[in-house]
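Next come two complexes built around chain A: one with chain B, the other with chain C.
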Partner chain A sequence: MKENDVIVIGGGFSGLMAAAVAAKRGKKVTVLSLGAGTLSIASGNVDVLGYDKNGKPVANPKAGLSSVAADHPYNKIGQKSLEEAVQFFLELTKEEGYAYKGSLDQQQWIPTAAGTLKPTCLVPMTMDTSALKNASKAYIIGFESLKDFYPHLVAKNLRNMPGYDQEYEMLMVDPKLPAGRDVTNLDIARWLDSAEGRKAFVAQLRATIKPGSVAVIAPVLGTAPSHAVRDELEQALNCKFVESVVVPPGITGHRLRIMMLNHVKKLGVKVVEHAVVTRGIVENGQCTAVVTEAIDRERTYQAKSFILASGGFYGGGLVAEPGQAIEPVFNLPIAAPTTQEDWSNFQMFSNEAQPFEKIGIAVDETMRPVDADGKVLLNNVFIAGRNLCGYDFCFEKSGNGVAMASGYKAAMSV
Partner chain B sequence: MQKATVVVIGGGATGVGILRDLCMRGIDAVLVEQQDLAYGTSSRYHGLLHSGGRYAVKDAEAGKECIEENTILRKIGRHCVEQTEGFFVRTPLDPEDFEGKWLEACKNVGIPTIPISVEEARRLEPNLSPKIQAVYRVPDAAIDGFRMVWQNVASARKYGGRVMTYTTVVGIEQTNGEVTGITVRNTLSGVVTKIACEFVVSAAGSWAGEIAHLAGIDVNVQPDRGTLVAFNHRITSRIVNRLRPASDGDIFVPHGSITILGTTSASVKNPDDNVPTAKEVVELLKIGEALFEDIHSYRMLRAFAGTRPLYSADPNAKGRGASRGFVTLDHAHDGLKGFISVVGGKFTTYRLMAEKVTDLVCQYLNNKTACRTAEEPLVEDASPALISKAKQYFPAYGTELAASRLGSEGLEKVVKRMQDNPEKCQLLCECENVTMAEVEEAAADETSHMLSDVRRKTRMGMGTCQGAFCTFRSVGAVDAAGLAWGKDTQGLFKEFLQARWKGIRPILWGNVMRETQLTRGIYEGTLNINGAISDEGK
Partner chain C sequence: MSKHHNDINPDSCTACTSCISHCPVTAATRKFRGPKMMGPALERMRLSQDDVEPSLEYCSNCKNCDMACPSGVPISTLNMKARAQYFKTRKQSMRDEMLGHGEKMGKLISALPAGAFFANLGMQVGKAFGIMNAIGISDKLPLTYAGTSFIKQFKELKQTSYPDKVVFYPGCFINYQDPQVGMDFVAVMQANKYEVIVEEDFVCCGSPLLVTGYLEECEQNAKKNTAIMKKWTDKGIPVITCCTSCGLMLKQEYQELFEIDGLAENAKMLYDATEFLVNLDEKGRLNKEFGAIEHRYMYHAPCHLRVQGYGLPALDLLEMIPGLTIENADAGCCGISGNYGFKADKYDIAMTVGAKLFETIKESGVDTAVCDCGTCRLQITHGAGVKAVHPMSLLRQAYEAKK
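Up next, the complex of A and B:
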């Protein structure tokens, strides 16, 4: 076990990004992952900054960085590292044959299953909307029996969005899945993974779809991080497909996770699954090892550096109790309002960030945890992802952006 | 102008009970409710069908009414009542000398109490604290407030009863000391209309004082706020009461797949004061420890609060000091003939209250028809043939549940939808086992104007995930059905999720926090319900 340079705690986007960057730098890396986590059920886009702190849309994510609060993770990460992280990620996706599109200079507004638009920065090519915006008419494709996508809802609302106010025609495909079971987007994606599924899909649409058209569809063009399914269907029907974002399971997030795992494994990273990290062993401000609890016994993982990418409350990297928040591995201090009512706004959807989302670990500019006075608490532990303090990823649309950039920065700091 | 012989104000248990009774006796009646049916106290309590044990010592008459009505409601409301039985449990914190007094009082009013050993009680309910010292079995039961109200309305409708929801009373019309009608405003459209009538019966619960004021009459109803916590599993399969003088946090009631812990008691000015606080929740959990030591590790669903309509002829009586009994006030004595208020009381005795009020109206009308609400079931049982047909479409475990929820007629309509379109058999709400067909049926009802109305009818969104997944699906379904109230889909999302949020905020820790982050991730992060519009085109 002594041969590890870096142990990454957490197999989400920030953890896998950190593992990839550290491995590329020649480090020997082990990832301790609890499970598939949030990455695989989410939509797999990299939101960097969609709205400023007053809820005003940001047209240019890079320019918007100057508007974020002093304790925002982007201010610790810095613009240069964010730019390098974007570059690193885009190259990684190209190398893996599942390229992402976008840049820090241009916000992308993509259609959602609610027929709204959401701002994001980097998207898989299957979510590239340029063909849709240029079309005067588009199809919305739904599936009989799919309960997580409603074409009429998409068409009706999208029509009111600037730039998307074209005519929409709804088409239904029947996957003829076995009766008596509930159907999610994952079932449809698996159906299109199969040659018979693709054949049936094309056969049902061929007579209706006009050549040279564009269609909005749920993210069902295969489960693998590859464009093969999309390419085959686009070619067969002479139609461009634009995948929208949906409620979980969001297949594009699953593809992103598989791609990241494939990539880090190629770089020699060891990924340990079902690892519950229970505590760190710390001597004089230096972490020497972390301990995991498995079904049979405890195991100790030693390394020179540790990257804590264990997630926020949802992922289990932080634990909320009445009036306090706890970081369970290193017991790092977490500032939180002592009165429970101050944790959240009265309105669920309001014109400001939710205070509880901003609760997290404070860090210095190398991503090491600090106390209230800014003193570094652990010399060789670096924090990445959702457990960082100072940002509400939902409100400002910055989730994977902070994960990607902080994972990069942490890995550059080890 | 609309006309009715009687206008009933208030769509809680008492109001719908009165509507049903009037209609069954052949009297033309319409009910007006300011919100949705069962929006107020009838759904904002622990859902306990009292055996009367709780009141036996302090208020023997209330105890007696409870045990009698308990027996009746089990019979007529078979589909709303879960016959769980109840325990009265003495913990080391409770006064020992109360036990004897309580046993004596129960015996006097006819409430059966069966002592069982602590070992046997813990064998039956293993989560009970090992420190408990004495246990008695009583005929408590769990009752579904929403369903009880809806099934009363279903029954009243069969006899010609009418219901107007989202209709608030703005004036009581009178000529020469006699009621001639009421003026109402539709709270959704703002339209003001008049309903001509001979009698106005106020069953407005905590709001009864406000209604009486419209007629210039004082009715001393003191709203008393109670906060409760819902857990997402059956901590106990029996109702568990603390064997001590009635106090805060001493009743656990299992319902379906959840358990409700209640209640706090605090006098408030405003009957709409129903926002629970974290402080109240923490206090309830602390008290609950005496019965269930592991209470802090149980997953909570939400907190909620309602106001009890406590009545006292003495304007200074408050909280648990005020009587839980009920009073029928004939305001003819106050100079307004045709205006009646029914105040105080509790859910368990709603039918009796309705009977007494209806008797009074009948006296005036010289109507000699006898009350039959104690004999006739609220809804008919679904026939075995219909149940077996439903089993072809419902998830196997969901058929009986849906049959209970829907009654025979409702079940038939939902099965028809499934027959016509088998995709509608899919579960829209997985937590509470609610199919798409059932949601569509409830959404199409004339009393549905928003998703929360559909929720109250179906339980959709009331389970573990508190709307994380079913909100999206129900908006999609309502939109696809082209319903008039479903046009503003952004508004539908916000209304439903905000209503859930109100009960989640005070318990935002542990797994509730995790669930909340998932829900926000979906609706604010991914679907951008909050922002929605791009500035690209500007």
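Up next, the complex of A and C:
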């Protein structure tokens, strides 16, 4: 059972992408995962490159690649692998019945719950804005008691955005949820998962919504990676829905995670939950096994290759300590400014990236970790995702793009 | 001292909402304010004052929050500690008194001649007269006592002696409700040339006591069990459970909750039966003389197994049996979570939580489910209308099919 071709450490987007690619290549794969990760609470969009290093919007992600710094992960992954990764992912989503839309040649600007626009590259079909852009008038649908999506705020700001300056009409739906804790988008999505929720939703809107119209809505059209809820509601109301980006819990990220898990399990990948990987067993630059530590004892997992997709500071793949940042599994060298005071740009909202975001592991073009001189440190360990150095995903909007492409490249290198 | 130890820092929580998104009780009812609020958020208040949040009673201690947390916060244990604190100054209901002390009832019944017969009859009568519901125990889920307890059956059994020995911790459910699982385990170990030792002095692991707020009694049980186990683990003899909730309690929750000598040392030698057998296989020591079982099954992984972080060894074992097909239902919590689903006012929530699993099993068309947890098996039979067996029972069947 513990004999594997590939062990992926981490069950986030980069880890699951790597697992899918390796399994498709016929490898026996086990994922050691800890927590549900950022993936399940985030937006589920695949941002590739939204802004260049000066903070200027990038119109075409592919063209923008030439502007990134030399040590940026995209320069290790290469354009060809990035293109293949996009292709692989789009096919995967189609196969799973929850297709994504987009291409490296076209930035997509999609509405957020604040009524601003966010640049991204690949979005689930439920976030496709083409119908909205072509409409002269659109609805914005909110829910009574939902604090994370205010139609008035969305409309007020969205009106000022290029391409979104149409007329908006606000509609409120009352899910009449029983009293209790604060209502989140997840609660609404669960309500619409139920037949009675969908029935009540349609009943409240039927008289108001004009046939053939478009409506912006929070990502509440069901919790599953499926278009069933959207299709049923669109058909019943003869209205096209466009889901927006919201604060966590972002349902679209939850759907993406479930879809990726469903997909890798179908490919025979084993996923071990709640596995805390604490160290690797390395002999002569070759990793033979990784060790998990539970409260009872350690357990050893052997494989021919390892993909370290353990996340950044949030996911525990990198740990910040006084004076240094460490990578806890293999104790790989971390490229970080030597003085800790230089880790942060104290002007939080300035037009510059945060140095701490760029802290991470340096790799070669096969995604193997390298030292400061570029020498490969581990022959059969490949790095993917947020623990890579050289990019500020938040500033440049490239998080899932780097995760997807580095996961792909790592799995092609094993 | 383990880094998981009871010095829990609620500030490790970054309030990311992952636990709320993955809490099955939160998904089933709006009355529960969710694990983040109950656990780390309120813990900060509790550190300075006696803060009571009524919706705490909704936590089922299923541990899906712990599994979802990216920061390693044992959220459910914070909840259970808070519950114990709540009951320090208040008295539990008769319902909780009964549900927390299932072992007392089991002991009493197995000591009486035809005790199980009358107890089961009593439950029927109790149900007919609405007594169960009146004290707050759901009468919808059938809980029956076995005619002869595991301990009694085991004493009658003649084992072949082998130099390799293991100690079996049966736990209340196997001892009083489902002794066949224990007997099947012994048969499987014998087929692998192990002699099984059972200690009559073992007491309830304390899991039902913990969730009903009897933390001090739970600690007493922990001390007793720890001392008995240590006697064997000191000699290098492993202790094995066939109940994943007992296993979780003995290995992990004891360490999270109490400071008792020997906890960490025992935990190193504590195994769930399926993991123990998979390890035997890795050492080339597993008897693989399995006869065929031409049958298709659906497997349900108990939450209290998943949270232990070593995967699903039952699947690895059962896949070795020729002819046997097993699929992982992968449909989340069954809802019962120990004694949670037995509470009359939580019954509907438990059934809502388990709905996806019941549907998955029903849709698959299998006539039998496989699961390592006793109360999960009850809930599966109740909710999906199919038989549910322990992996040990299928392994025994496969060994016997070869003979």
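Quick note on the criterion: the second predicted complex is superposed on the first by the 410 of 414 C-alpha atoms of A that agree within 3 Å, B and C clash if a C-alpha of one lies under 4 Å from a C-alpha of the other, contacts with A are read in each partner's own complex, and residues count from 1 in each chain.
The rule is simple: contacts are C-beta pairs under 8 Å (C-beta built on N, C-alpha and C of every residue); 3 or more make two chains touch, one makes a residue touch a chain.
Fair warning: this is a prediction, and the values are worked out from it, not measured in the lab.
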Which term applies to chain B and chain C once both are placed on chain A by superposition, clash or fit?
-> fit
May I ask you to decide whether A:Thr38 touches chain B, chain C, both, or neither, giving the answer as first, second, both or neither?
-> both
Partner chain(s) touched by A:Phe349 [first = chain B, second = chain C, both, neither] | first
In the overlay, answer first, second, both or neither for which of chain B and chain C A:Glu144 touches.
-> first
First (chain B), second (chain C), both or neither touched by A:Ala275 = second
Applying the touch criterion given at the start, work out whether A:Val291 contacts chain B, chain C, both or neither, answering first, second, both or neither.
-> neither
First (chain B), second (chain C), both or neither: which does A:Pro248 touch?
-> both
If you count the residues of chain A that each partner touches, which comes out higher, chain B or chain C?
-> B
For A:Leu267, decide between first (touching chain B), second (touching chain C), both and neither.
-> neither
Just chain B (first), just chain C (second), both, or neither: which does A:Ala179 touch?
-> both
Would you sort A:Tyr314 into first (chain B), second (chain C), both or neither based on which partner it touches?
-> both
Smallest separation of CA atoms, chain C relative to chain B, angstrom = 5
Dual-contact residues of chain A, meaning touching chain B and chain C, are 38, 179-180, 248, 314, 316
Footprint of chain A on chain C - complex, ascending = 2, 4, 14, 16-18, 20-22, 26-27, 29-34, 37, 55, 66-72, 251-252, 255-256, 267-268, 270, 278, 281-282, 306-311, 313, 316, 328, 330
In the complex with chain B, residue positions of chain A that touch it = 38, 42-43, 47, 50-51, 55, 57, 59, 107, 109, 112-119, 144-145, 147-150, 152-153, 156-157, 161-163, 179-180, 182-183, 245-248, 250, 312-314, 316, 319-323, 339-341, 343-344, 346-350, 354, 356-357, 393-395, 397, 399
Given the complex with chain A, which residues does chain B contribute to the contact?
-> 277-279, 282, 422-423, 425-428, 430, 436, 469, 472-473, 475-477, 479-480, 489-490, 493-494, 497-498, 500-501, 505-506, 508-510, 513-514, 516-518, 520-538
Enumerate the contact residues on chain A facing chain C in the complex.
-> 1-2, 30, 34-38, 40-41, 177-181, 184, 186-187, 190, 248-249, 254, 265, 270, 272-276, 292, 294-297, 299, 311, 314-316
